[in-house]
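Okay, so subunit A shows up in both of these, paired with subunit B first and subunit C after.
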Partner chain A sequence: MNHRGELVYYNLVTAHIVAGVVFLVVGLGAGFLYSLQFLNSYPLGGVEFFSPGRIRMLHTNAIAYGWLVNGLLAGIYWAVPRITGYPVLSRTLGWVIFFVLQILVLLTAGGILRGYAQAIEWGETPLFVDPFITLGLILIALNFIPPILRASRDAPMYVSLWYFTGALVWVILVYIMGNFVPQYYVPGAAGAAIVGNFIHDLVGLLVTPLGWGLMYFFVPVILKRPIWSHSLSLMGFWGLAFFYPMQGLHHYMWSPVPMYVQYSAVVATIAIEIVVTTVLANFFLTLRGCGDFLRNNYPIRWFYTGMVFYWITCLQCAIQVTLTVQKVIHFTDWVVGHAHLVMFGVFSFWLMGIIVELWPRLTRREWYSNTLHGWAYWLNTIGLTVMFLALTMAGLVQGFLWWGLNPFMDSVRFSIPFWFVRTLSGGMIIAGVVLFVLNMYLSLQTETTGEGRTLRAQTTAG
Partner chain B sequence: MRGKKKEWITFIMGTWVVFGVAFCGITFVYKVYEIVNTVPRGEMMGFAVIQVVTYLLVAMGFFFLFLWSFLRGDFSDLEASKYRILEMEERISEMERRGV
Partner chain C sequence: MDAKTDILIERFGFVFIVAGVGFFILGFIFQMLGPVLFLGNIPIRSVEEIAHEVPWQFRDLAEEYPEEFKRAFGSPTPETYAEALRLGRDIYIREGCWHCHSQYVRPVANEPLRYGPVSTASEYQNELQLPQLFGTRRVGPDLIREAGVHSNDWHIAHFYDPPSVEPGSIMPGYPWFYDEDGRPKKEALSIVTFVQWLGSWERR
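Moving on to the complex of A and B:
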């Protein structure tokens, strides 16, 4: 180990967490605002700057690039040096990346609200921002890959490092493919197929590997026991590497894309479900004999709840990509429910668990309130479950109404009760997150513990 | 006797894997050939070529990474890493406790 300098840059981790949480609140607020449009109660109607279409894009981009990327970076700034024993390449570069990321997210938000969004779902980042994002992604890889390479010379790599390396390389390729190829080289319907791949790969080849990599680090460290099988975990990584990239085409079932390509997407998606099951089996077998942690330890509770949601999401994915199910659910709210389950129920839950674990150690202060922890957890879990169920049911109602060739307005009328429940459950989620942030803030007001960086979040769940 | 049985099982399993991989490989190459054949037939038929080529390039890169990892012995002691990170975390926590 090299401990001549600081191993983990605590201020960088803290800065990314704070920035991420700010964007989480903004993103959730935008989502809630947008949901009011479906109830014919949008308060800013007529203001072009805040038109619902733009607010929707603000919602998705703030969550993806503002919250998730900041949160995941915080996680790997903590985990990579602790797994490898080497600090990241440069603290200065870390701060450059931090400020550039925040500026780019703000430019994206401003660009979207001004009407300069790129016509690519989840790639709405304005055209003038795209080259800088690509450059930023290369800088991130430059900062993290050197310690991983150094560690790989010492001993075989731990699975988290494989996931991190994969994500850092993949995301550059995925971003270039999704934002530049359809825009400049493959326009029209053919470009749309590439956009489908981009949307899915952004989740599967950036957020998923970073998320799982962090789980493979935090879960054993908190439980103080190794992962059940490292071999099985490596199978999960290589399965993701080989099966995931072709999945995105399942967004275009029944489209003019050649059928053998559509079939390959179906096969790849179902194969991933098998891989995911091995990963989850590994984590639940790790928990064997210490199930009390689910009751007594909030980070573990957030992590495992997210894992259950992940398995449901992937099972849903394996079913919904079949041509039979696609006939019904395509373009319906089913897909919206699915997206919320994975982006909030899985990755946001994991990040909140990581924050619960790290915040006391970063600030050297105890959590202010366990009761607030309990409220935040249950409001988020119940809110998200209700939202997922409401949107899934709405999707089925819409799909069958369209299939029966009923008037489109019938599907709108029948959807309103579900959309009302969606807004209510969104309110629950926002309330949960506000309590979570309030707890973070109030913890800062408490006195330092003097226990330094070793303080852990061994909270008693309420 | 037991050793011979083990050898036979290894032989049968190995043959099965070799034939399985060979069969999958041939069908995979045939599918790639089919895709390449669609390109000259116009844009609609060559619809997914860019994605397939991108996927193949990325998959090939990871295949070589896998091969590199295998050849340098990463798969010889698969479970050692999981213990090492816990020992490392313990050491780092201890150093932090002591304020090093």
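Moving on to the complex of A and C:
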């Protein structure tokens, strides 16, 4: 146990989780605030620093860089040393990265509200922050690559490490490509080809591989059984690595970008759906016969729900990317629903599952309340499903109204009921997350169990 | 799969070089370098080149708001027009206009009927599209054919309080573009200039 304690830097994991959930609550709050503008009841109208346009960027950036990056880092600070058997390069470097990340997120938030946003979607981080983020990403790679490299000398690497290795390299390349090239060198349609890829690569080459890598670690560890098929794992990783960097242009279909790029992006996106199905089949077959876990194992419940949402997202992806469907749904709320399904329904769900698993071990305390877990889970799941359905339907309404040459204002008027439901469901999601965080906080107030027992041991039969 | 390959592809070096660097560069060449080279023949125009000819909307602003215009820009010359375009574009970016308004007309879904001619790549080869402002969502209408659709006065009123000229609009107002008396400041004049420029080349 002592050995384990030194292997994983518990405080670092805890710090990233705490920072992550704080930014999650802030980010969700910003999203909720922004949604009120669509109902013409924005409370801070006319205030420059809280203009809805800026709050929207705060929403996406707080979620992407504040919540997801912090949460995923917490996950890999836990997983990498445990998989490899070696600690990360340096605890001090870990703390440097932690503080630099929080400062950069705060600078980004301040910069956006102050009016220094950059016109790159998902990369609105102000120009003066970008070089430091690049540097930070290199430091992260420096901290994690040594244990992975040492483990690779001992034996072939476990699946999770393929994903982590890929992500650590990709994110540096993606960030430099997306934030600097279209800003300084390449304008117009060619710039759009790069930005389109950046938008998707940030999801596909940072969040997705780290998320999947963590699933490949936590699911077998919690279930105490191996992944179903090694061949499917190989197919999943190499399929992702090959096709993902080629599909980002699907964000600019029917645009002035050369058509060969658009056609190939369609092919790559549909290929990704096949790859994702192999990965999910692998996980669902690993989980076979574990129906009980959905009732009484909280981490697995979050993971499994996230995977179901992921499959829906990717099936949707393969359909909506086609040039035919794009005619209707491009530029509409359909896409917004899709984005929420993947960023919240998949990766945030997985991270919350990971927190459910890790929090008792990190704090050496039992969870305060299982009832709160239930409320958090169902509020989030139902809230997200309702939001997804409302936005998807709104998207179809908007798309066909535009195609039908109705006055533009019709698409706004007819969307308001859907936007109202969206705001309500957003409220449900926030309530769920707040209960989750409250549960984390109340657990700290309980008596320590001495040694970190997990919820799994407490709630799983046998 | 034989044992040797199996071991090789699961080592750090192979994953790092082939998946991490190799496939990324492959994607970059195919999906990004391609368009850059294809469109490389079209010269990239600077703002000064664009502003060579001052449009009537900019001169009209100088006539309609003489004091404010004089304070902000002086007189409507190519130099001040370039300055207004640059500032207008910066405001368009920092207020996040591009999150709710797209800037390209697609050849589908009756868009040419609604907005005007389909967009071509050459229209975007200029400094004001660095970074490009295609946009991915239309909460409000597309703006790439916006020049001349509305008058300057309409825009000045609209940026202050959109529902006042477009009932039911959910666009937020931007009162900080105006002084205490509701007269347009440099910001308001610039964003109107920028919006009146979008697609002006198609309106001649």
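Definition applied: the second predicted complex is superposed on the first by the 446 of 462 C-alpha atoms of A that agree within 3 Å, B and C clash if a C-alpha of one lies under 4 Å from a C-alpha of the other, contacts with A are read in each partner's own complex, and residues count from 1 in each chain.
Here, a residue touches a chain if its C-beta (ideal position, glycine included) is under 8 Å from a C-beta of that chain, and two chains touch if they have at least 3 such contacts.
On a predicted model such as this, the values are computed, not experimentally measured, just so you know.
Student: With both structures lined up on subunit A, is it a clash or a fit for subunit B and subunit C?
Tutor: Superposition check on subunit A flags a clash between subunit B and subunit C.
Student: Which of the two partners, first being subunit B and second being subunit C, lies in contact with A:L7: first, second, both, or neither?
Tutor: Only subunit B; A:L7 stays clear of subunit C.
Student: Touching A:K224 in the superposition: subunit B (first), subunit C (second), both, neither?
Tutor: First partner only.
Student: May I ask you to decide whether A:G289 touches subunit B, subunit C, both, or neither, giving the answer as first, second, both or neither?
Tutor: The answer is neither, since A:G289 touches no partner chain.
Student: Counting only touches as set out at the top, which of subunit B and subunit C does A:V335 meet: first, second, both, neither?
Tutor: After superposition on chain A, A:V335 lies in contact with subunit C alone.
Student: Mind working out whether A:P43 is in touch with subunit B, subunit C, both or neither, as first, second, both or neither?
Tutor: After superposing on A, A:P43 lies clear of both subunit B and subunit C.
Student: Considering only the touch criterion stated at the top, classify A:G85 as touching first (subunit B), second (subunit C), both, or neither.
Tutor: A:G85 sits against subunit B, while subunit C stays out of touch.
Student: As a test of reading the superposition: which chain, subunit B or subunit C, is in touch with more residues of subunit A?
Tutor: C
Student: What is the shared patch of subunit A, the residues that subunit B and subunit C both contact?
Tutor: 156-157, 166, 170, 173, 177, 186, 189-190, 193-194, 197, 234, 238, 241-242, 245-246, 248-249, 256-258, 260-261, 264
Student: What part of subunit B is in contact with subunit A in the complex they form?
Tutor: Counting only subunit B, the residues touching subunit A are 31, 34-35, 38, 43-45, 47-48, 50-52, 54-55, 58-59, 62-63, 66, 69, 73-86, 88-89, 91-93, 95-97, 99-100.
Student: Given the complex with subunit A, which residues does subunit C contribute to the contact?
Tutor: 6-7, 9-13, 15-16, 18-21, 23-24, 26-28, 30-32, 34-36, 38-40, 44, 93-100, 102, 104, 106-111, 113-114, 119-121, 123-127, 129-141, 163, 166-170, 172-176
Student: Within the complex, which stretch of subunit A touches subunit B?
Tutor: 1, 3, 7, 82-83, 85, 155-160, 166, 170, 173, 177, 181, 185-186, 189-190, 193-194, 197, 217, 220-221, 224-227, 229-231, 234, 238, 241-242, 245-246, 248-249, 256-258, 260-261, 264, 452-454
Student: Using the touch definition from the top, list the residues of subunit A that touch subunit C in their complex.
Tutor: Residues 37-40, 42, 45-46, 48, 51-54, 56-57, 115-121, 145, 148-149, 152, 156-157, 161-162, 165-166, 168-170, 173-174, 177, 182-184, 186-195, 197, 199, 205, 234, 237-238, 241-242, 244-246, 248-249, 251-258, 260-261, 264-265, 326-328, 330-332, 335-336, 398-399, 402-405, 408-409, 412-413.
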